[in-house]
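In order of appearance the chains are A, B, C, D, E, F, G, H, I and J, and numbering begins at 1 in each one.
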Amino acid sequence: MPSEPTKELITVPNPEPGRDYEVLVETDEMTCMCPVTGQPDFGTVRITYVPDELLVELKSLKMYLWSFRNEGAFHEAVTNQILDDLLRATMPRRMTVETIWKVRGGIATTVTASHP
Amino acid sequence: MPSEPTKELITVPNPEPGRDYEVLVETDEMTCMCPVTGQPDFGTVRITYVPDELLVELKSLKMYLWSFRNEGAFHEAVTNQILDDLLRATMPRRMTVETIWKVRGGIATTVTASHP
Amino acid sequence: MPSEPTKELITVPNPEPGRDYEVLVETDEMTCMCPVTGQPDFGTVRITYVPDELLVELKSLKMYLWSFRNEGAFHEAVTNQILDDLLRATMPRRMTVETIWKVRGGIATTVTASHP
Amino acid sequence: MPSEPTKELITVPNPEPGRDYEVLVETDEMTCMCPVTGQPDFGTVRITYVPDELLVELKSLKMYLWSFRNEGAFHEAVTNQILDDLLRATMPRRMTVETIWKVRGGIATTVTASHP
Amino acid sequence: MPSEPTKELITVPNPEPGRDYEVLVETDEMTCMCPVTGQPDFGTVRITYVPDELLVELKSLKMYLWSFRNEGAFHEAVTNQILDDLLRATMPRRMTVETIWKVRGGIATTVTASHP
Amino acid sequence: MPSEPTKELITVPNPEPGRDYEVLVETDEMTCMCPVTGQPDFGTVRITYVPDELLVELKSLKMYLWSFRNEGAFHEAVTNQILDDLLRATMPRRMTVETIWKVRGGIATTVTASHP
Amino acid sequence: MPSEPTKELITVPNPEPGRDYEVLVETDEMTCMCPVTGQPDFGTVRITYVPDELLVELKSLKMYLWSFRNEGAFHEAVTNQILDDLLRATMPRRMTVETIWKVRGGIATTVTASHP
Amino acid sequence: MPSEPTKELITVPNPEPGRDYEVLVETDEMTCMCPVTGQPDFGTVRITYVPDELLVELKSLKMYLWSFRNEGAFHEAVTNQILDDLLRATMPRRMTVETIWKVRGGIATTVTASHP
Amino acid sequence: MPSEPTKELITVPNPEPGRDYEVLVETDEMTCMCPVTGQPDFGTVRITYVPDELLVELKSLKMYLWSFRNEGAFHEAVTNQILDDLLRATMPRRMTVETIWKVRGGIATTVTASHP
Amino acid sequence: MPSEPTKELITVPNPEPGRDYEVLVETDEMTCMCPVTGQPDFGTVRITYVPDELLVELKSLKMYLWSFRNEGAFHEAVTNQILDDLLRATMPRRMTVETIWKVRGGIATTVTASHP
């Protein structure tokens, strides 16, 4: 059962493509490495989208986010990468990715990127 | 007095059809089965609508939501089904169904569908 | 000093009719009887309005809401009745009445009616 | 189905009299009349007890608390009366009744009575 | 109906002197003048007591607390004075007075005095 | 150092008149007298404005609000008076005054007035 | 992967039996049927224990709690049964089971049972 | 490792200049001196911006905010200065600076300035 | 009026030395320098004491805490120093000093020292 | 500057060994791998201790907790290991380690171990 983290995102068919509706998936279990200090960062990821033909499958999303665990990632870059990877995989009608990072040096950072 | 869960939704006449007003009914006692793992999911259902000629009767709504208790249901599909069933039963001027599901695998999901 | 509950609403002159401004009065001490079960319901009433020539006098509003204490009242009907009675008494430029009812059978209900 | 409020408290057998365990029942739907002003008071009732041979049946407890709805009752007296009535009906190993009343004249009151 | 603030505390008989029980009265509408700056202070007063033969009457307590409105009062002195005045008036089995004062110069103060 | 309360509002020059920006000043230490009951009312005052050439000086604002301490004032009238006095003193590009009053007779009141 | 609910509790060896330490496991996903009304109840279960030689395995605990899903169960009886079943399976040095049930008829119930 | 506070803001290239996205950086560790009383003020700074070619580097932002520690600064002036300095350094597509200052004399102040 | 920060603590006579009562003074405006990184730390200080003959005067306490602003101070050492300085100045019957420091490197620290 | 995670804990001398006082260090950035599923777990670690001659140095504590990042660890075992490692390194007068783990399969776990 233990799976390996992977950047591959799996999709499932949208059961109601005839209607514009919104899906929000959120986890407070995001972690990656700070490229400057080489130390772990922790945060929350919120993905909101209106699906077209495809939904993102949740277990693969979990594996995908896990794949950043031991990678260096700037907050702004990783947020845009998550958005790009999810756009490519699910081709939604619209999507927003928000990452909320815990305090470093007294400063908390939130990055929000949307398409279109 | 103990009733059986059923998908039948009962309606009562809107006492004020001459005015557009909004009704919100909300329960944090929604549960169904995950079709992937076969295990129970738990969540909250919020239904907001502007009635036309009919209101949904609350006890039948409770029975209706109870009918999902031992059925497998994907979050996105069940949300759209609840909206469709309520639209068919009450023919409201507008309606939104929001389902908020507890964390599975570290990820929480919210689905929001509206008509029109 | 003890007064009797009454449906009569008393008004006082608006001290600033030359300006559109908003008044919100709110109580979490609303109770009436459920017409279906014959048992007490409890809720909150929030009234927001832009007065024209008249303000609603607060003690009479309290007596007015008290008058529902032992009357049967559906959530949707009583909300529209409160709005209608307050419109008739104070003729405001605009008004919203929101009633928020405690859980019955696992379901909480909120009704919001506005004029115009 | 509509029942009448009554001061009669019904009991059911304790399924585990061989063990000291605690039951807490709580409602925020208590209301009675202020004997001084003749106007409604609102509050919360919390009953904590270690049952001996009997549990209080919840529907009869609801009817019992409802019976105060149109009676005048001082906060201190009604709290002690609820304790006395429940002691008489359920003969628990120990019991505490706490009533928490909403603000009147800017002052909130809480009364807590225990046996033994 | 408008009354004058006064230091006189009125009592009513304890309806249940045979039992030790606790009464908590609390207001967040305390204000007096700072004797150092001559400017208003604001705070909360919480009085907890086990009555013996007498309860403090709430309207007179409100008048009593109001009587400090335009008097200069150090936090520590006024807390002990309230305790002394209430002890003298109600002769309780035990009593605690807690005053919680809003921030002055970045510092918040709470004073708690008990008898015996 | 002890100053006297006064209705005079002092202003200071806006350091950045070339930019529209917003200032919010807020205090939960407002008190005045109820003209009906002659007893104290307590509340919060929030003033939001876009300054033009002048800012309101905070110490004078404190003195100004203090000046209502022993005056009778209806919630609606005092809110409009504060707005009028501040408009006259600071001539802002726009301003909103919101007053939030504590519960009286179970009812809380909020008044919001804006210019223009 | 989908498992069947079962009352069998699996244990794993305590990695530190030489030290008294406390484990708290908590879920807000408990549901069973009300034996009186035949309708679903929802609640939270908190289990606190000092293990001796055995820990309860979490997946089997989940299956165990799931096994109540379609069984009728009084709040007091089910709490004592969970305690008894866990005592039998894990023979802890001490254990407390607390169940917190959502509002029914305006009344919320919490049951707390401990051993020894 | 200990650095000196400085007004110099360092930038890094925006990894995704082709997309409009938003960055929020926030610290509750702002302090400067009140120019009127000569005593310390404390507050929170929230900076929201859509970057163009440059991001503000967080460590230099920390040093920049630190540089106000022993400088006198009016709330309105320092907010506009932070906005001006960040505009000059990062030339964002749009930016908002919000400063939220702790209570002085019972009054809390928030200043919000935006570009364009 | 602007004063200089100083380690001198001023006292005033206890108005009620005949009674053991508790005073809590608390500020969330503590700041000093980290001796390791040379950068500012921020925290909250809570001082609880039962006075004997002397109270600490609040303005001098504010000046005293301000005196740490530009000094290097380890969390554990500064907490014990504040306790020692206050013990020496006020000779209380008992005293506790608690300092609560904001997150550094993902870790928050609280230090609590008491006498006797 | 980037350091490597390590199980070595560094200590610094207690500046006040003559007094029993308490230190609490807490981080919500703990993560390790579940030995059963091979997937990441997330949690909070709270360490409370009365130091004797030694304090734990915070940066080495951070590195120590980081060293679990890619190790498999049962909740109960890792809590006892952290306690054992900290006891060996700092030889405190007493110490408690509490770990609070996020929901897995609907169940949250907290483990608390103390010495002596």
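Quick note on the criterion: a residue touches a chain if its C-beta (ideal position, glycine included) is under 8 Å from a C-beta of that chain, and two chains touch if they have at least 3 such contacts.
Bear in mind the structure is a predicted one, so any value in this text is a computation, not a measurement.
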{"item": "Steps needed, at fewest, to go from chain E to chain H via touching chains", "value": "1"}
{"item": "Given chain C and chain I, the chains that contact each of them", "value": "none"}
{"item": "Chain centre separation in whole Å, for chain F relative to chain A (CA means)", "value": "46"}
{"item": "Gap in Å, rounded to a whole number, between the CA centres of chain D and chain C", "value": "30"}
{"item": "Multi-chain contact sites of chain G, meaning residues that touch two or more partners", "value": "1, 28-29, 42, 62, 102, 106"}
{"item": "Contact pairs between chains, per stated definition", "value": "A-B, A-H, A-I, A-J, B-C, B-G, B-J, C-D, C-F, C-G, D-E, D-F, D-G, E-F, E-H, E-I, F-H, G-J, H-I, I-J"}
{"item": "Residue ranges of chain F in contact with chain H within the complex", "value": "14-16, 19, 21-29, 51, 55, 58-59, 61-62"}
{"item": "Chain G contact footprint on chain J (complex, rising order)", "value": "36, 74-77, 79-80, 104-115"}
{"item": "Chain G-touching residues of chain C, taken from the complex the two chains share", "value": "42, 102-103, 106"}
{"item": "Sites on chain E touched by chain F in the complex", "value": "1-3, 28-29, 31, 37-40, 42, 62, 66, 69-70, 102"}
